[in-house]
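Order of writing sets the chain letters: A, B, C, D, E and F. Residues in each chain are counted from 1.
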């Protein structure tokens, strides 16, 4: 059950209107790694989780925070759009190239569809979609997905930070970037916790008996390109990260096996 | 430049036709975490990479292997479909409920669109899409994306392993699962390598000065749900994973700030 | 700001597993008119709203309830999947056509991708997407969108009600259907309220001066098909609903105007 | 059966080229609430309709008109693009910032893909899709969908009206806006007609026995946010719109029920 | 302008209900190469055409026919669904595996969303989308797109023909297959006509001066795989089809050029 | 099996940065007819092919080349972005309208998401998707799809050629355009080869007995629009292209048949 409180976690007040920047902010609202993605990802992980207790409480706890981040960004976008020129003709687009340039770089649906409001899309106007999220039921895999999401999100947020001088916008970004710092750390800590508590280990899923896999290629780096330096990395020699094997380096793909003969399905499919 | 060799990395020969299973295999061919995704993800990461040398050589090296994995799965799917009933009326669907059940669970486009061939879709028929992949230009973030992809992929592959008794299919899965073991380890090793070589560290991106973020909330777990046990985790106390802070636990969200007043855009947007 | 409480608005406990029905329930979770749609739609309408007070409080109030409906359905789906056969070979699919039939009708990603968990998709596996929602900034238009959404949603819920005999599932549907009854009434009441309070009237948007439109066709039904009975409806004669015109019936489209001559763009587009 | 006549319902002749505006017009051609949407929506409703006579004749009659609206907008877009700079280098983009600004705001596929022609996309380049439309088989629900579509469409059209001074474009918009006026009224009138003729009533679907729903919550406004004014609306007290209940106001969500324990699916899904 | 006539080009009356087959028919209604695709493709080509006269009249002429094909298939699908079991519990799914198998293979949205009506989707439930169609403004290119569409469509239709014994359904397919025969021939004839009339020739676009391209590779087959027989084809020796060159066969890709050094963008993108 | 070589087929070095042009180039990388499409299309056709030998060897041979074209374009895009202004505030956007105009026309995700790298999307930011490709199992149909793809691709490439004066970019385009010339010719030659070798003929699929289709309409042009000149084309009289019939011209659609009565599905779908 979700309850809404008409407050924000942090102040949301831009210094001035900026419709082009409003469009850019859509990326971290409705993009692949935007706040809708993490909110929905954590929600589905919590709903599908098989273990009660600290992990589940934590995932619920952070998930609800992220819905509030969506709200702050939507509010900021609406504020950035409020007084900005959005193509109404008396904005003097025709006569002033600077204004025209600004309007040309806006999200056109901000004006036509939303009447100067936020939208559930990314910075190029692609609608948010359910296929952005990950909830496999395996916490080790999913917490890596989450760590990645917070890393990508923080990378995007700091890029956005450098794309504006607006103190109000930067003030919000400073807050969100700090939360991304925490959330990166949080998922990496949760991964450590999973390992320490024995809930899951590597390789994921760890319960599948490795005797069932082709163990002769389980720790081989095989080089399918012609670069010569891939053998210098941590992944090409020494003990594997999961502690269950030894990395080796194979400079060229071994001879393969012949392809099976082409198929001949029922003639009523009219293949040739 | 890519060169093709008419060989496969591993034998692809099912014991018997199975159109329903062919559909299931589409998930690891054309799904969110299927082989097309990793092949394309590694390719774009390599093309966008800023550092020559071992990382780039390695990403090119594994990327080309993954295109070969796509090929093996496509070949397997075509073989599974070759002699399977796919709805041609003389398949006797009408009179035999078992056959009808099988056909009901197939990918209908395998028959109508591809004439018993593989398709660039997942197990529910959703076309593969570019938004599945991640290539940010930041290797630490992207290698976490890659580790996650190989974990999700291995989880799916072992689930599929338990959904068939076909020795030929299992033989291929054993190989692919082993490569997933390597590739999980490989990306986690590459993360270690990045840290050791000083290319990147945590939080990602590490060069952004943390003095610019709201450091008072950089290491706080804030509990937006009412579960009581989130404070027991590794993420709620002790040193942070990035070594730059100390985790703390905040049992309830602090009082927020008031929402800004609603916006009043230009009247010619005819909002109400 | 959203806060989560680890309680549900209503009991969620199926009598028995049913993976096929779990798939069907996805429609009202992640479909065009599912609970994610109304939750997100009301959230964006609230964030974009221009008027403080009763409308905004109400939209926030109902929006948060809908996120809880998403949660109840996700929970129900996970429960329906918990002990259901999902294609693991020892489920005896091969030998029992009834089991095979059940598995054939499931959402395959429930098993392979989510490990018997709920997913952000509809009953045919299409991911939820942002383009399902509507938030124009004009409350009269949007409240009609909302009334429609609750009507479509209730129609789907009652259809689903007849597709199961499970008392636990029906118990949840009875609750959700009742809330749909309220929410239909709520939006229709809000439309009345908007009219009575003078915030907006018909045609939407009412502030645009009708003198600017081609008033000679503003209240004409023009018959572009050859059915003879469209003139018998309320829309073909008598006062218009907005009270600003008189309906008339035009039995055949009047003669049109010639198409403009085809365009001849720059030759370097190499059109023919 | 559809017949085409090489005439337009209204004149389509812009005063001057304007590629940026051509892009904006794509919204009402190929957007969520563009003319393709209403044309296809009414067509599918007619094909799926269960009652012969005035409703079906009317839906067919308006549906065919909408295909002609698609045609007028496509024609207008091609005309606006005909002589407009679209990025050909001799357009002097490099030296004239005004020209560059204009080209920067165009739909790039208008030039590269369509050679200065119209496209089946919205103003941000998203392809039109079947999931925009609604045809449930229940006329009361669907006519509300239609009223909403015409309201959203008219809101967008009047916004577009203010984004150009071109007399030829405005001339077409005046016509389309007037038709939207009619079509809004038409669907609202059809809703009245349905009620009067007893075909359907509220809540939709009205034949489902309300005794089967949880009637104790059928007319309650429950406040899941902390705004204090939602109780002041028409939806919080007095008779419900469907005439079957009495609205009441519940200031806070009642205590919920405990979530069921987390699920434990088959271990071969390798959840954690 | 489009006018609708309440008649069908051909009889649409199945012998018996068949919901699984109704789903299959969706492929040629709303799939990549279904009737919506050709109807919309021809419409956009006509609207964007630069030449008045026979080509444009022909494209308008066939386009309108295709909208009628959409209508016939939608009508057929609704008829196939009318009396078919679609999951209502008294359909006795639980007790009869044959019925269960049938329902398991249906389009679930046919029942839940459309109330036993047709939908704008393909056989796997993917919504039709604007990106299926092609209208480049170059008739030679587009007529090849059209020939391909009619070929793919006819291949799918004859596959569907073999998937049913229903005389009524086959009766309609015989008609549609014959029209596909004509339409294949029509586009191939139109290609001949374009060449004969000098409107366009090969390679497309023919007006681009070939002196501007790297003519040394304009007619070389370069073999990037290791198969040995590609040199035996018509494409590897002899005069080229456009009559402007001579095919040659290059058995192995020539040495390439080095990749440029990796890029180093602005440090504020925080690449690694 | 695919092997990667760290070389390019042709030099990739722009004379200067140009982020707007980088966005335009995305069309031929990740658009409907971009290099990803042909690479994946040829790969799937090869994997699904039923005939060993020259056709299969050729399709594998060209497919691998196309993956290298993807690589060259991705590399070019990254180079064009390397030093281009992308919205970092010190780019002086605010004070220089020319710079602002340039940034306004860029792909915003190039900066925020990819850190000045290439992306798997088209020029309007739509992700590449599997539904762009065609692989039916029928070579005659598919080779027409391929010819069309290379024609559309060459049309787009020459349009792009005229949108830049950059010698380095044009140098690459000259090469790609020449390869498109070859590939157009190659598929048309392969079509001839198929006919000559008797593998397939017209109409596609040729093995379906035409006696099963409604031969009375197999070669009729039926005019569903009111243009008068469609009868003047090659498609309206004389022998058909497949040599199996005689074209005829039908000036007006013959009288159709009545629509069947509307359906009345189970009342529990609550249609009206």
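Heads up, the rule we're going with is that a residue touches a chain if its C-beta (ideal position, glycine included) is under 8 Å from a C-beta of that chain, and two chains touch if they have at least 3 such contacts.
Keep in mind it's a predicted model, so treat the numbers as computed, not measured.
Asks: In contact with chain D and with chain F at once: which chains are those? Just list them.
Replies: Common neighbours, chain D/chain F: A, B, C, E.
Asks: How many links in the shortest chain of touching chains run from chain A to chain D?
Replies: 1
Asks: Using only Cα atoms to place each chain's centre, name the chain farthest from chain B.
Replies: Following the centroid criterion, the farthest chain would be D.
Asks: Chain C to chain E: how many Å between their CA centres?
Replies: 30
Asks: Take the average of all CA coordinates in chain C, do the same for chain D, and state the distance between these two points in whole angstrom.
Replies: For chain C versus chain D, the centre distance works out to 12 Å.
Asks: What are the residues of chain D that contact at least two other chains?
Replies: Within chain D, residues 1-9, 32, 48, 56-57, 60-61, 63-64, 68, 75, 78, 88, 97, 100-101, 104-105, 111, 113, 115-117, 121, 124-127, 129, 131, 136-138, 140, 155-156, 158-159, 162, 205, 208, 224-225, 227, 253, 256, 263-265, 268-271 contact more than one other chain.
Asks: If every chain is a node and each touching pair gets an edge, what shape is that graph: line, ring, star, complete or other?
Replies: The chain contacts form a complete graph, every chain touching every other.
Asks: Within the complex, which stretch of chain A touches chain D?
Replies: Its residues touching chain D are 1-6, 48-52, 56, 87-89, 94, 97, 100-101, 103-105, 107-109, 111-113, 115, 121, 124-127, 136-140, 194, 199-200, 205, 207-208.
Asks: If you look only at chain D, which of its residues touch chain B in the complex?
Replies: Chain D reaches chain B through residues 155, 158-159, 162, 268-270.
Asks: Hey, which residues of chain C end up touching chain A in the complex?
Replies: Where chain C meets chain A, its residues are 1-9, 30, 40, 43-44, 47-48, 57, 60-61, 63-64, 67-68, 70-71, 74-75, 78, 113-121, 127-131, 133, 135-138.
Asks: State the interface residues of chain B toward chain A in the complex, per the touch definition above.
Replies: 5-13, 32, 53-58, 60-65, 68, 75, 78-79, 81-83, 86, 88, 111, 115-117, 126, 129, 131-132, 134, 136, 138, 140-141, 144-145, 147-148, 151-152, 154-156, 158, 161, 174-175, 177-182, 184-190, 192-193, 196, 202-205, 208, 210, 212-225, 227-235, 240-242, 245, 247, 253, 255-260, 263-266, 268-271
Asks: Under the touch definition given earlier, write down the residues of chain B that touch chain C in their complex.
Replies: It is residues 20, 23-24, 27, 31-32, 97-98, 100-102, 104-105, 122-126, 155-156, 159-160, 162-165, 224-227, 253, 256, 261-265, 267, 269-272 of chain B that touch chain C.
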